[in-house]
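By written order: A, B, C and D. Residues from 1 in each chain.
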Amino acid sequence: MKKKYAKDYTLQELMVVVAARELRDREIVFVGIGIPQLATILAQRTHAPNLVLIYESGTIAAKPMRMPLSIGDPTLASGTAGIYNFIETFSYLLQRKFIDVGFLGGAQIDKYGNINSTVIGDYEQPKVRLPGSGGGCDIAALAKRVIIIAPHEKRRFVEKVDFVTSPGYLDHPEAREKLGLTGGPSAVVTTMGVLRFDDATKEMYLDLYHPGVSIEQIKENTGWDLKISPSVKETEPPTEDQVTLLREKIDPEGYYLKR
Amino acid sequence: MELESKLLPTKEAVKKFVNDGDLVSFGGFTHGIPFALGHEMIRQKKRNLRVCKETPDLLVDQMIAAGCVKHTIFSWAGNPGVGLLHAFRRAVEKGVPQPITHEEYTHFIMAARYFAGASGVPFIPISAGVVGSDLIKHRKNLKTMNCPYTSKKLCLVPAINPDIAVIHAQRADKEGNIQMWGIFGSNKEIAMASEKVIVSVEEIVDEEIVRRDPNRTIIPGFHVDAVMEEPWGAHPSYTQGYYDRDNGFYIEYDQATRTVEGMEAFLNEWVYGVENRREYVKKLGAEKILKLMVKPYYSFPVNYGYYG
Amino acid sequence: MELESKLLPTKEAVKKFVNDGDLVSFGGFTHGIPFALGHEMIRQKKRNLRVCKETPDLLVDQMIAAGCVKHTIFSWAGNPGVGLLHAFRRAVEKGVPQPITHEEYTHFIMAARYFAGASGVPFIPISAGVVGSDLIKHRKNLKTMNCPYTSKKLCLVPAINPDIAVIHAQRADKEGNIQMWGIFGSNKEIAMASEKVIVSVEEIVDEEIVRRDPNRTIIPGFHVDAVMEEPWGAHPSYTQGYYDRDNGFYIEYDQATRTVEGMEAFLNEWVYGVENRREYVKKLGAEKILKLMVKPYYSFPVNYGYYG
Amino acid sequence: MKKKYAKDYTLQELMVVVAARELRDREIVFVGIGIPQLATILAQRTHAPNLVLIYESGTIAAKPMRMPLSIGDPTLASGTAGIYNFIETFSYLLQRKFIDVGFLGGAQIDKYGNINSTVIGDYEQPKVRLPGSGGGCDIAALAKRVIIIAPHEKRRFVEKVDFVTSPGYLDHPEAREKLGLTGGPSAVVTTMGVLRFDDATKEMYLDLYHPGVSIEQIKENTGWDLKISPSVKETEPPTEDQVTLLREKIDPEGYYLKR
């Protein structure tokens, strides 16, 4: 059966579909609000029906009756399979290494996948004070792998973050290992393409460019000299079914998927 | 030999148990943020508070704007689902209305600090995620050690024992046994870690209702100093089963408080302008109340058995 | 892409998931001791098990007598409310029927070992009670350190991560979400600490019953390997709300098992002599069942709210 | 109002009454089955109505519908005010120093209040293997004070225990402090009298002898040269009301109080 690719889709919808493809069935996912949540639900309704969704608030295997608007939304508690308190969630689930995949975003992301969500500028005298780590640093260290999702902008994709909130591969290939950290980011899904990390150098490279976006555009919107995979290719577009699911079932109110 | 009643109006409880300079821990994680109690602290002009809460939310933002706070301890200072906290930012970035010091951690470290405090140990070790973060450079109280069992690097997280825990929950009996369902966050741990505990609840219920379901008790009455009935005491956050989160309020707050003047106006309207939570709810109005009320979705009763 | 069902008969679950030589943790603390599962291990002649349980109770005593156990880890090895465990004593004092090694702690240390195991950290520190005890001389894995924060002496308790946790609870759904009420003991912690988890329950219930009360879930389904319905699966201990503890049975056991021959006869009658728990319950008989059944004493339903 | 002392009472009833007198109102008590439980309930029904009873099984402020026969009896769960799991009970209640009073017994008790409930004889080659610490060692270290209750027998009250399961004052007055332990045993209630600990030496001495028991008898039944308080006196007998309460309300079935 040939896939019927959608012709009409938005960049956001594409990001959701691309992120969903990163998930494998039966994985346990630490979900964030927004695109990660849509991607996880989409995966669950297509190729990965046995995904387990866990929210930072401790709700386990939630089946929300409506689109949750925060990770502590009451619809994540009503009708969920279990609820752990905060220390249990971070100890018994995350530190115990039950979480296969965590999603992270950030105000700055550098070429080693380090994320800044703390300050722009100096820590003591910040230009902009951001919300801080939350569970980001914990997830970056303790999930088996991390998927980063962010708009592709030059000011966001910087050579070196002002502040490492959530460690990626830090500043050299063995840095994580030296600190006793396993895992690390496996993919960066942006509005322009998908980036991955070189096994040897742990530097980010371009693996896929979205339809309608040129490699040159991506390089222009990245704050360092981005390496391109020799096998770089165009991102597979969403299928009609995937777009229909997103529009009609998963976010019919358009909370996250503006059109 | 009757104990002094633990049932105390919010005004009196705040007056009696919250002192200027206290290290105050606020409960709630999106769910059950104790706005009624926090607003009363603002009205009583509590000063120099050191405030700890994983997610300070609008409540701590307002307390900062009102000049109650000199120090915050947190892990994520944002407006959940909306964006940034403007009063917090102004205080940190520009010292407006007054400078505050702050001390930030990760969620896990905050949870671990409370857990250690609740457990009566000086620290607990956790896996060393934060050692890869720049955070640790600014937190001298996070130590590292090589594990004597595995020689893996561990991060040591010191206990925190606040002067007082301030919590909102669904219900309590008059002995102060506190019951909650839905998302707990660190409520149990901050209560057990703190020296004093005050709790507002949606309903004070008969002892029998509590005792027919002891597994729902998160804080035992013997450690609760004051409890009071404050329906809608968590608005604009929510109380599971009682009302919904007022997401619109969070969005409007974001718009309204981008300037010092806007923030002042907000406080005048929603905090100083009402005498207590009852007046606040009146101000909220019937339409909003109807909008936020939720249809019932009940658990089934479970049988504990009569072992008499 | 359907998951293999987690609903598995006791016989198959024990066959599939319990291996000779495993470190097996049994759940229950007076309440909910998993006798049905343990008896099946005896019948399947599991060997060289290392068994951990704060209170081994009659179950581990029987497994020792049946030759399943080579090592026990515990904190209180007695017949609760009655006296000593005779098979355990014979094995320790005289090596009958075979010598077992043992490793004892205090209740707190056992709970802390499970907690550390469940938390995925190599150890946790506790206040140094045990440093005043002779126990510590025999437990080289309990280290001491001076706290880097307070310089007080602390005892370090290493994590334990059993191969399998064996638990009895009130109910589960077919996804393996386990719900319990009454006394939990360390059930949650041993489950999360262990690599595999099998659970017998009084009832398999509709998913809706579980999901209408998520705060009762102690173990999430994703970490449960097998679940089976075994009514009366905890007798002679009890399941809160389902039946009473058979105190008479504990007393009779004390009398019946004072000799090796008596113990053999007991095993022949109550373990080898029945094929499964259903036959065991038949053997128990209607009169005993009627005696141990309890009158209902229900919790009130709580409203989680329909947030749709 | 003059107290009306009972004329008809047993030694067990006396022990219960004497132990109850050690409890002050509003204290939080870690209760054991048997005499400690009866004493706590008696105190609660007389001079200390606001005692809080906590059982090792984690049930908090239980109001049992019948006499519990073990610390994990289902009647302690049904109708109690709260239930903590095992780690919470020992961490959040005991180690956090919320427990004012713990009760302990033991197969051997020595003159410094050290308790043995582990082995008689050598640890590796025991003559008798006993159940072990349970929570005993934890309570001995972490309750604010401990009340020891035991039958007064020479083989039980020994100069030095074969094995220190639960530390009393160990072997010298500063030993507990050196190990960072506070608290310690405050009273030993036996079938013959009440013993306390010298503030300076931490050695046990006789404070009260029960009616009908001579000091000489007590010395004969103690395994070392027991010191006698200069102000030693006879134990105050139970009142009629106390005995009536015990017989008619607290243990009417005679589970623990044989007559």
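Here is the rule we go by: a residue touches a chain if its C-beta (ideal position, glycine included) is under 8 Å from a C-beta of that chain, and two chains touch if they have at least 3 such contacts.
Not measured: the values here are computed from a predicted model.
Asker: With respect to inter-chain C-beta contacts, which pair, C-D or A-C, contains the greater number?
Answerer: C-D
Asker: Compared with chain A, which chain's mean CA position is the farthest off?
Answerer: Result for max centroid distance from chain A is chain D.
Asker: Let me have the rounded angstrom distance from the C-alpha centre of chain A over to the C-alpha centre of chain D, please.
Answerer: For chain A versus chain D, the centre distance works out to 58 Å.
Asker: From the mean C-alpha coordinate of chain C to that of chain D, what's the distance rounded to whole Å?
Answerer: Inter-chain centre distance comes to 29 Å.
Asker: How far is the middle of chain B from the middle of chain C, if each middle is the mean of its Cα atoms, in Å?
Answerer: Going by mean C-alpha positions, chain B sits 36 Å from chain C.
Asker: Report, in whole Å, the distance between the mean C-alpha point of chain A and the mean C-alpha point of chain C.
Answerer: Chain centres of chain A and chain C, defined by C-alpha means, are spaced 40 Å apart.
Asker: Among the residues of chain A, pick out those that touch two or more other chains and give their numbers.
Answerer: 59, 73-74, 77-79, 83, 91, 95
Asker: Pull out every residue in chain B that's touching 2 or more other chains.
Answerer: 120-121, 126-127, 152, 181-182, 188, 212, 215, 240-241, 244, 294, 297, 304-308
Asker: State which pairs of chains touch, listing all of them.
Answerer: Touch list across chains, by label: A-B, A-C, B-C, B-D, C-D.
Asker: Please give the residue numbers of chain A that touch chain B in the complex, ascending.
Answerer: Its residues touching chain B are 33, 56-59, 69-74, 76-79, 83, 85-87, 89-91, 94-95, 118, 123, 126-138, 140-142, 163-167, 170, 175-176, 179-181.
Asker: Write out the stretch or stretches of chain C touching chain D in their complex.
Answerer: 29-31, 54-55, 74-78, 80-81, 84-85, 88-89, 92-93, 104-112, 114-115, 126-135, 138, 152-153, 181-189, 238, 240-241, 244-245, 247, 294, 297
Asker: Given the complex with chain C, which residues does chain A contribute to the contact?
Answerer: So the residues of chain A touching chain C come out as 25-26, 28, 47-50, 52, 59-61, 63-66, 73-75, 77-83, 91-92, 95-98.
Asker: If we count contacts the way the header does, which residues on chain B are in touch with chain D in the complex?
Answerer: 1-3, 118-121, 173, 175, 177, 188, 192, 210-212, 214-215, 217-223, 304-308
Asker: Looking at the complex, which residues from chain B come into contact with chain C?
Answerer: Checking each residue of chain B against chain C gives 120-127, 141, 143, 145, 147-150, 152, 154, 156, 158-159, 170, 181-182, 209, 212-213, 215-216, 240-242, 244, 294-308.
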